[in-house]
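Shared between the two complexes below is chain A, which has chain B as its partner in the first and chain C in the second.
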Partner chain A sequence: MFVQQVIQGLAIGSVYGLMALGYALMWQAWAVLDFARGEAAMIGAFSILVFHSFFKIPFVAAFPLAIATSAILGYVIQWLAYRPLIGGIPINRLIATLGMGILLRNLARVIYGADPYPFPTVFGDKPVSIGNVLVVPQNVWITAIGFALVVLLRLFLTRTYTGKAMRAAAQDRETAALMGIRVKQSMALTFVLATCLGAIAGLLVAPVYFVRADMGLSIGLRGFASAVLGGLDSVTGAMIGGLLLGVTENLAAGYISSGYQAAIAFSIMILILIFRPQGIMGRRL
Partner chain B sequence: MKNLYRKYRTVALLLLAYAVPVLTRDPYVLHLANMACIFAILTLSLNILTGFTGQFSVGHAAFYGIGAYTSSLLAVKAGAPVWLGFLAAPVVAAVFGILLGLPTLRLRGFYLGVVTLGFGEIMYQVFVNWISLTNGPKGLTGVPAPRIGSIVLDTYGSYYFLSITLLVLTIVVAYRLLYSRVGRALLAIRENETAAEAMGINSTYYKVMAFCVSAALAGMAGALYAHEIMFVSPESFVNAESVSILSMMVVGGIGSIPGSVVGAITLTLVPEYLRSFGDLRLVVYGLAIVLMVIYSPQGIGGWITRVDQYLSGTAIRKPVRGGVERGAA
Partner chain C sequence: MGKVGKLVAAALVLVFIASFAAGCSSPKKDPIKIGIVAPLSGGAAMVGDTQVKGVALAIKQINAAGGIHGREVIYIAEDDEQIPAKSVSAVNKLVYNDKVDAVIGTVNSSATLANMEVTRKAGVPQITPISSNPKITKLGNEWIFRLQASDEHQARAIVDYAVNELKIKKPAVIYQSDDYGTGGKDVIVDRLKELNVNPVAVEAFAPDAQDMTGQLLKIKNAGADGLFMWTMYAQAALIARQARQIGLDVQLMGGGGLTNPKLVELAGDAAYGLLNTQTFFPDKEGASPEAAAFIDAYEKEYGMLPDSNAAMSYDSMMILAKAMEAAGPSLDKKKVRDAIAATRDYRGVTGVITIDEYGDANRDILIIRVKVGGGYEVVWPKR
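What follows is the complex of A and B.
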């Protein structure tokens, strides 16, 4: 029971981690807590739904198509609502993201309706028993993809020129601009990257939680909590925060009550914020 | 003309506000008028916290819900008189406000926003899951209407007089607070907390106090809501409700008292008239917030101030450029 809950928690936790990475990137580059971040997951999930379930394109081809669609939408979104507010009052930026979230969520509802769409499992949902523990292959895949993406993201941010430019622009906009980095482009790229991570998170959970217009709310909130838990300025921290939240939530559901699942997760988050506001991996504030 | 306007603008507005049940008998419109009052109180309460003090809250619906449940539980389960509920709701909400305000000792800016968001989510789950107390998702029915002497305020029209009176009271409290020593301290904290402390302002005290006042007013709005609808269920206090209160504040103008009221009225009424658009109305809602914050960050309150200054002849020809970057990340 315990091991099983932990494995399940790790799977959903790595999805939260991917969302948290998006929050951390947005916090670094745009200095905003992006309340429309969850909508990236919704966009990703609906993109894969359209390509895979409606157009019958095989998953291997539909996956990159869905990511590309999300990336393009992400670029348009930041151009419409985020870029005009660079350099303004922080609270205005934050409220713009809130408005964008409402806009996207309800646009999806207008287009696709409020009912959830089932999504066929790609990685298999038949449990396989290893020893006396039942493991769902899907969960293993989700966890593996989550971990692989974190490693890739770290490499991208530390080893490539584009990644370094993004970090420089996040650290000090003006100095980065003086060094010849195209700051606005770099910020846009960060936004697109965050959207892609969110989209991947969304299409990973699509078989488990179905595809719904308002799916971004709950997954976004949890990703947000994970990012805060791990520390908003650390890539590794965001992932650890996600895993921690996922495991805690599942253990709480298994041992205490599934109704209070989210309440317990958020209580832990608040306690961490009070006693260690910079998060587990974050630097001192 | 200008003197006349300056002298009678308040009285005229008050008369107009109190005349609503005389001007229309349509219960649907009167119900909307009540809801507009309730949301105006909520928006003002959030504005005291966010607009005046610069403390961000994305979980304001929690205080609203605490107030609503306190007052209706007292009436339904304990059989207490309704007015006791109206007194208890702000008190209980204020206690939670202080509890939530205490983390501000350590947290600044958006981190506080995160805590309030989590708090809102926790309270919602408590409302849903504590079935023995709150009756869970099914909600509490039979919340009684208040009575004054032998008059029972059980119609939307008669209830409106209570709603508008409480709203006027809230507006007075907000103005008295803003233009007092306390209000100036709150503004100083918003603009620059470190500088405020250097000037001898006990920022912890004032921040917790802002939380307390804000929560109490939201709790009162909750009681007002519960006895108007005569039914409470957790769905009225979801996170989306906190977001609408926040949107009302933004559309009205952050830190503007008349803006809060007009913003709340606008965003309560406009979606109702857009009902024929179905879900599209919420798309418009989101779009309005984005456009407003990009093109008119001062909100409706900014327009009102300009019109008011023009009419009363106090307009400054050249606007003073202030624009201090506040609440640094």
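What follows is the complex of A and C.
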């Protein structure tokens, strides 16, 4: 049972991790905790729902369309609510993200209603038995895609000019601008990238947890916790934080008390942060 | 004032007089106002929506038949986001600002428990269509009535069926950790003990949880042969699918909160065979003539099948209308209250309803099963 519990924890944990990547990215580029991150997942999930389920476009074509839609929406959102606050005090940006989250959630509810929508499985949801452990193919895919994105994101941030420019702009906007980096453009690009990552998380979980207007709320919160746990300045840390939170939650339910599942998981998180305030993979503060 | 100005002024005066005259020539009676309090935004918005739809359909039919005492009926809906404090403000507004003649609502039991104090103090009759916490009608408040069968009746009915008919010996319980889920779980566990059956696992999950596999694995390991769940249909769909994914293949059972066409849409074949208690189910073939007529009218009006909440809300309004007719044209609130309390053997769309001394609608509880391919069939009482 222990192995099975860990495997189930890894599955949900990968989703948290994918969400956490968006938080880490936004922290690195915009120096803001973006509480509308969860809504990126919602946007991604509804985009794929509209293209695949409503317009009957095959998944392989609907997937890039959904990502493109999310990217465009992401650009519009940052232009409307985030960009005007770049020069302002950080707390204003934080509040803008909270407001944007509430706005997007309720907008989706007005358009699509409050009921969840089913989404057909793409990678298969019939469990496969390996030894005496059951593995669900789509969970394996979610974990694999999550790690692939971490590797790609790391390469992008550390090896490409655009990625380096993003990080430079986040560390010191004025100096970066003096060095010839187009700061606003670079920040917009990060935002779009973060939105796409959230959207991917959203459309990966759509078959598992359905598509609903308030889906961003609970996975967004868990994603935030994972990013803090793993270290906000490390994308690898964010992913590991997600997996750790997922596994802890499942083991807490399995071995201690399901009534205190979230309480136990978050207590462990607080404990880790007491001893390592910068998160597991974060640089020393 | 120029020439044009004078002409405009004269025209305005004429219009004013004409409108006045029109008002006098056909003395319109004030409409009867029904206040609806329901979660119209927030996590339970879908349930609040069907509540308003059910009441609105009843009002439409009542008005088409000439209203109540020849007066038109209108409704004013207020959102409570299923937050008790907001629910109290909403009912305060309905009672003191809008001066409604009666209140229908709300969904969330904790919110009803809070807002029913407002109608009690003001002496306004209130019917909650769906709040099922047993406490609501047990506090000595004579202004509150409930159409839904209380969880106490529902949970006992499904436990009795599982133990007596299905011979389930090692049941497990999973419930959402709020007033609704905990209340249902307590009744299930107590009733099982009365029947000398010990639950092998009793597991909770947060009301916003998406992943219950940790709990389900524990239940699987405990060797359960049946699973009671006290939650709403969306999370029940997650439980049904996740149970299948971890290879937990047992009879799934629950309360009225599971009845919804969405359950099968979301859970697919994992929901087939699920059993739950109900007083209304949207299946024209097995339904009474009253229910069938309602399902038709609802589908025509809204292009969707009604859920049990819509049906309960519809019946609430119809019972209220009947009581208002019986109370006489003055619509004295005490008389309306007494007329609701005197409801006997009313043939509603959710069954034959008699209001008991607590204000609860007493009726037989059905046990229904999700058919293979979707839809419901009644398995208890046996036909």
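Quick note on the criterion: the second predicted complex is superposed on the first by the 282 of 285 C-alpha atoms of A that agree within 3 Å, B and C clash if a C-alpha of one lies under 4 Å from a C-alpha of the other, contacts with A are read in each partner's own complex, and residues count from 1 in each chain.
To be clear about the criterion, a contact is a pair of C-beta atoms (placed from the backbone, for glycine too) under 8 Å apart; a residue touches a chain by one contact, two chains touch by 3 or more.
Values in this document were obtained by computation on a predicted structure and should not be read as measured data.
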{"item": "Touching partner for A:31 - first (chain B), second (chain C), both, neither", "value": "first"}
{"item": "Touching partner for A:107 - first (chain B), second (chain C), both, neither", "value": "first"}
{"item": "Which of chain B and chain C A:217 touches, first, second, both or neither", "value": "both"}
{"item": "Chain B versus chain C as contact partner of A:266, first or second or both or neither", "value": "first"}
{"item": "Touched partner set for A:94, first chain B, second chain C, both or neither", "value": "first"}
{"item": "Touched partner set for A:185, first chain B, second chain C, both or neither", "value": "neither"}
{"item": "Touching partner for A:136 - first (chain B), second (chain C), both, neither", "value": "second"}
{"item": "First, second, both or neither for A:160, with chain B first and chain C second", "value": "neither"}
{"item": "Touching partner for A:5 - first (chain B), second (chain C), both, neither", "value": "second"}
{"item": "Footprint overlap on chain A, where chain B in one structure and chain C in the other make contact", "value": "106, 109, 114, 217, 257, 259, 262"}
{"item": "For the chain A and chain C complex, residues of the former touching the latter", "value": "1, 4-5, 8-9, 11-12, 106, 109, 113-116, 118, 125, 127, 129, 134, 136, 209-210, 212, 214, 217-219, 246, 249-254, 257-259, 261-262"}
{"item": "Complex contact set, residues of chain C against chain A", "value": "41, 43-46, 49, 177, 203-206, 208-211, 213-215, 217-218, 221, 234, 237-238, 241, 244-247, 262, 265-266, 268"}
{"item": "Residue numbers on chain A that touch chain B, as the complex places them", "value": "31-33, 35, 80-81, 84-85, 88-92, 94-96, 98-107, 109-110, 114, 217, 221, 224-225, 228, 257, 259-260, 262-263, 266-267, 269-270, 273-274, 277, 285"}
{"item": "For the chain B and chain A complex, residues of the former touching the latter", "value": "50, 56, 58, 103, 106-111, 113-115, 117-119, 121-122, 125-126, 128-129, 239, 243, 246-247, 250, 254, 278-280, 282-283, 285-290, 292-294, 297, 325-329"}
